[in-house]
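Chains: A, B, C and D, in written order; residue numbering restarts at 1 for each.
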Amino acid sequence: MQPAVEFQNISKRFGAVQANRDVSFSIAGGSIHGVIGENGAGKSTLMSILYGYYQADEGNLLINGKAEKIHNSHEAIVLGIGMVHQHFMLVENMTVLDNVMLGGEGGFRLNANRKKVEAELREICQRYSLDVDPLDKIEDLSVGVQQRVEILKQIYRSANILILDEPTAVLTVQETQSLFDVLRLFKEQGKTIILITHKLQEILDITDEVTVMRAGTVVGSVHTRDTSKEQLAEMMVGRPIETQLPRAPYNPGKVVLDVQNLNLINSQQVSLLKDINFQIRAGEIVALAGVSGNGQSELLEILSGMRVPGSGQITLDGAALPYQGKKDADGLPARYRELGIAHVAEDRLRHAVVKNFSVLMNSFLGYQNKFRKAFGLLDKKAIAEHCDKMIRDFDVRPADPALRIALLSGGNQQKVVMAREMAASPKLILVGQPTRGVDIGTIESLHARLLALRDAGVAILLVSVELEEVRALADRILVMSGGCITGELKVEEFDATKIGLLMGGLHKH
Amino acid sequence: MMFDDFQFASILVSTVRNAPVLIFAAMAGLFAERSGVVDLALEGKMLAAAFVSAAVGFTTQNPWLGIAAGIAVSAAIALLQGFVSITQKGNQLVAGIALNIALSGLTFVLAQFFFMQGGRTPDLGAARLSTIVLPGAEAVAGVPVIGWIYSSLLSGHTILTYLAFALIPLVHWVIYHTRFGLRLRAVGENPHAADAAGVNVELTRFMAMLTAGVLCSLSGAYLSIVQSGFFLRDMSAGNGYLALTALVFGNWRPVYTALGCLMFGFFAALQVQIEGVVFPVIGKVPGSLIQMIPYVVTVVVLAGLMAKSVAPKAIGQPFVKSR
Amino acid sequence: MNQADLPRWATSVAMPLLNLLSALLVAAGVIYLLGENPAESMGILINSAVLNPEGLGYTLFYAATFIFTGLSVSVAMQAGLFNIGSEGQMYLGGLGATLVLLALDHTLPGWLLIPAAITGAVLFGGLWAFVPGYLQAKRGSHVVVTTIMFNFISASLMNYVIVSHLIPDGEQSPASRVFAESAWLPKLNSILPVLGETPLNISFVLALVALVIYGVAVWRTSWGYQLRAAGLNPHAAHYAGISISKTIIVTMLISGGLAGLAAVNPVMGSTHYLGLNFPAGAGFIGIAIALMGRQHPVGILLSSILFGALIQGGFDLSLEKPNIPPETFIFIQGLIILFCGAMENLYAPVLSAMFKRKDK
Amino acid sequence: ADPKFAVIYDAGGKFDKSFNQSASEGAERFKKETKIGFMEVQVASDTQTEQVLRNLARKKVDLIAAIGFGQAQAVQNVAKEFPATRFVLIDGVANGANVSSVLFKEQEGSYLVGVAAALASKSKKVGFIGGMDIPLIRNFSCGYAQGVKATDSKIEFVQNMVGTTTAAWNDPAKGGELARAQMERGVDVIFAAAGGSGLGTLQAVKEKGKLGIGVDSNQNYLHPGNMLTSMVKRVDQAIYDSFMQIKNGTWKAGVVYKGVKEGGVDWALDKDNRSVISADIEKRVNAAKQDIINGKINVVDFREAKKCPA
């Protein structure tokens, strides 16, 4: 069968960065083709060229055997190419229906078509078992559902070549499974699918063929059935990867964090956290597993001081946290940090870094008071040393403190955040989704850091939707659902099915 | 004069007359800002259109030609603003303020150069829009209430006044029920999403600016051709900024924005009536303090009743294809 | 290729200069159309604004006011707040100084009186900005809108206060009485006689000091760090333990205080009385200056001097050339803001192309 | 050599259709008759005024005419520095042996048009629209009200100001709107003392077929048939006279008050308003004028009384 897409000697550079260099490979029609590689390997760039978002500096693009120049996404859409981006491309304050119609409205008057499209969408949802109401607003939907909307958009536009850039980064196991079900259905219909992911298991589960990229070039393409996780990992990183990191025996110390009867009700009187009770001891990693949106984020926010709980008792090393009597959390996180609570926020770009600050300026965000000299002046020398040490210890690349942090890859941004929070020698560290969108090489090193911290006697609370990650790091696992803790297991009792049931437990949708 | 001399009827009529300047400008701002371009230059475009409309209207003795010329000039300025803010990706606030300052100076210089009357155009005389008397207005004038509403409140305005009010549902329809409106909102909220959906972000924003230019020119024309009968330097007198306030007030939604404009119009009218009135208890309030009523009310309303108003998310940011 | 690839001198010197020249070129065209010789006119303008020492004195006098309003707008912008209300805050600042002076100018000696009056100006300006700041922080009312409203309100209020309470008996000009001489700011021409009879006074020195303090405070202190973090990403600032509402309120207080300081120069340094509408748009020019100067101390200084020069030189030019009304320079101001503040990258492609060619 | 003259207009500008324009007309008349030219400048701020005065004084100008009360302080300062230069200040008082201050008794002229308004009003409601709430404008309003009430104490008097910033002089839309609002309340004669905004007032008055009263210069020509009269304030004459006195060497310093008697203020009657001024009105207004001249009527100056008796 003729290749659906063929890249011929594609090169693309951004200023000094050669994002793609002489990339050539082809994608068979009607197949699912995986693309993997480290952060910054050039995967997204290549796909953006295919979708008309960027133009290649050199090289040709063949779609269904025909050479095409794609200048913008509109032309790509006309060629039957669809793309689901790493960050959802949805207009949040509009309905699913409007998002789907956008760009393909079919006439000046919307109403003429609205009913028709709505009916069609309902029909598609039925056919592909996608649980989406076309009249819901995007901002009211969970990420999983938003992902479905992206897929729905592509089905509606009957894309024949579908690009998915890290679609599963924010999905739960179940959501990933149902996404894959849809993708298999697509394949049956003869559509071509390109899947980018950092999760090698997914590659093995669903793809027919996989292309590995490194530093802008293609390392090679292999048939999935002929390969293994280890081989792929080595192709990607250029060295063997440890999947099971060594860890010291479980030997917890005294209770560091004690949470009792915690409740939270939001302004619309919805109960977000119900009667939460747990403890974390020194030298253990407790993981909070659960589908996102079940209260984990709120719990992290409360423990880090970003939000004030409704009721309940929280003590750190036996002393109550100073949220009592506060109406809002203004300024509270700084005081918590002084008490020894570090926080790696779940949403990196929103909370953990200031995008337009340099790496240097981000290296002490939250610890600005520690670097204060007389007259409130910042201690430049101390900061520079602090930042250099962070960059060295965590191998942040590029190792340039003056670079705007937005220009770092997600993985390297995450290293900066982790390094910063660990540098304060906290008693308790709250870690939210530490490896979201991060490549396996970096995951390995970040995991190693967290385990080292545990072994050094720090209490760690990990929030992650990745069961693999939970299993690799946690000593104990708490499962959350509907704002409650629905179960607790030791890591020895790890059982994905049981956890899945607990996660679904009280969860209503 | 006593408290009960207040004439509510007169206040309403006056509100109707005051509002169009703001409505045209606010609707213009709505298109620009909903597409993601902050339009601080409403004031400047109003002035330019007011001048050109009056100058051409006077020279040709035809108000329609004046209005047409005003539209052309205001649209051209809006496109220039678009070039700076969209194509050049310049700071939109700077562009807006710069245009306001430049046009305030330029309209004076040109008016002075052409007419030598101190930055004023000559009286338009007959070259103004005539008021439209609705059919049967005189006949029903005597009927209580309804007669008054029909013959005094509704009848007897110029076509621009009716247009301004007709614009409210029209803009609502365009924004929420047409392809252009959908794209406009998408582009102002999340241009990356719109771009990914195959929408030409820059083109959509330019169309929005063009619409804004046209609408804003009517505000200027209303000032010079309908309300005053001539152009005078800086005659926009802060109305452009007031229109923006109405826009924030109305949460960038057409109907609420128009209500904001009417509110300003109402308080301006009320303020006229209050001046010199002897109130029970307080007595006579000094005129200069009465002048602040509309503004104090706005602050109180914004602080008290309204929830946070939510601007289009991408407002003020040029669209750059990378995060 | 984009701006980042150009050498520093090109982006920070060549491009602004090219932009300034473009604006002046358009201005020259207008002057030509008005029937005057552009080159000669520019000569007169530059001579009277910069070369002639007395003219320079006036230029710097105007610049001193603009530095303060520019700083007022800039400091708010650092925190992500667009304070359009500097005009009104400056107006109220003038009242603060005046009330102190009217009460005390016959009792206190100058060295006490002047600081007291300056404090009054800062206090009134700051408090006038506090309300919008508070409303934004606690009630979420848009500071842009409230400060615009507060400009209108201050105009009414000041009109009432001046006309109904401050006009001395037997006078009819809407202005307060003239302050005692002990309240007049020392003029710089007592040190630099070459400046001639200009109102340039120590508030210019004060303005320079304010610029330095601003630069240090914003870029070198932990407070400035928090301010900028809150401006760039309030969510991250909250995460970092920075109190957003406190930042907003404090910043607005400072912004208003700086606007209040802007009143000191004209009121205590030049007219020596509080007149109706004395800010004459300086608060709005402050917005332009903050934007054009990129909220950077050097940028603010240079754009303030540029605007001061335009006002001084333009005024002299219109004196000499009756065909060129002073309003022409309002137009030119707008052009300069447009070219230097909003189209800063206009020549980037051209320059890039030039460098590329040289590379090859 | 011929003496050198200069006129400094205030922020309203030479073409303000008001006292600046009137001053310029006086100077122009002098130029036409004597062939002696003059310099003219417009200032935007009080600081600039001093700068210009000083500049002109250095250029050895013999007489500098400063128009508007805003220049009073500056004139006083600069006059002290240049005792050889002479200054004439309009509408304000500045001390100095080389300064002549010319004040007009606007209240008297306004009284006269008030009498006319009271007689011409059919609805027995008359209005006043001022630019900004400042003592000068209140003096117009107060004199007008006194004339109205003296003629018919039952007449209702309505007053509005356009605004509180300098924009108030350039807002014809608001000027017109205020007029419409007043007319909707039954007012049928409106006196506009509001610079450029007043033009909007008179325009609106004309549209409704009511009567307007102009200010400062004779504005009857603006809307013949709809202008009852104008309260003329002869700034032109004051400037012309000062220039002439310098030329003839008869110039004197000091404060001069120009009222009806001195020909400083008056009401205007010409072909444009002939048709609306009945013989009765003309007779009674002129009678009032005579009474003011011979002191039978004393019109209160608001600026001194701080309060309006009417």
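Just so it is clear, a residue touches a chain if its C-beta (ideal position, glycine included) is under 8 Å from a C-beta of that chain, and two chains touch if they have at least 3 such contacts.
Given the structure is predicted, the values throughout are model-derived calculations rather than measurements.
S.K.: Considering only mean CA positions as chain centres, point out the chain farthest from chain C.
M.R.: A
S.K.: Take the average of all CA coordinates in chain A, do the same for chain B, and state the distance between these two points in whole angstrom.
M.R.: Once rounded, the distance between the two centres reads 46 Å.
S.K.: If you average the CA atoms of chain A and of chain D, how many Å lie between those two points?
M.R.: That gives a centre separation of 75 Å.
S.K.: If you average the Cα atoms of chain C and of chain D to get two centres, how far apart are those centres in Å?
M.R.: 35
S.K.: So, what's the distance in Å between the C-alpha centres of chain C and chain A?
M.R.: 46
S.K.: Give the residues of chain D that touch two or more other chains, as numbers and ranges in rising order.
M.R.: Correct list: 133, 163-164.
S.K.: Going through chain C residue by residue, note those that touch at least 2 other chains and give them in order.
M.R.: In chain C, residues 155-156, 159-160, 163 touch at least two other chains, as defined above.
S.K.: Touching at least two other chains at once: which residues of chain B meet that condition?
M.R.: 119, 233, 238, 286, 288, 291
S.K.: If you go through all the chains, which pairs of them touch?
M.R.: A-B, A-C, B-C, B-D, C-D
S.K.: For chain A, which residues are in contact with chain C within the complex?
M.R.: Within the complex, chain A contacts chain C at residues 15, 304-306, 328-337, 343, 345, 350-357, 361, 365-366, 368-369, 371-372, 375-378, 380.
S.K.: In the complex of these two chains, what residues of chain C are touching chain D?
M.R.: Contacts found on chain C: 58, 61, 155-156, 158-160, 163, 167, 169-175, 178, 197-199, 266, 270-273, 275-278, 280, 315, 318-319, 322, 326.
S.K.: Using the touch definition from the top, list the residues of chain B that touch chain A in their complex.
M.R.: Against chain A, chain B makes touches at 177-183, 185-186, 189-190, 192-200, 313, 321, 323.
S.K.: Hey, which residues of chain B end up touching chain C in the complex?
M.R.: My answer: residues 84-85, 88-95, 97-106, 108-109, 112-113, 119, 233, 238, 241-242, 244-245, 248-249, 286, 288-289, 291-292, 294-296, 298-299, 302-304, 306-309.
S.K.: Under the definition above, what is the set of chain B residues touching chain D in their complex?
M.R.: 1, 5, 7, 9-11, 13-14, 17-18, 21, 117-120, 123, 223, 227-230, 232-235, 237-238, 268-269, 272-273, 275-276, 286-288, 291
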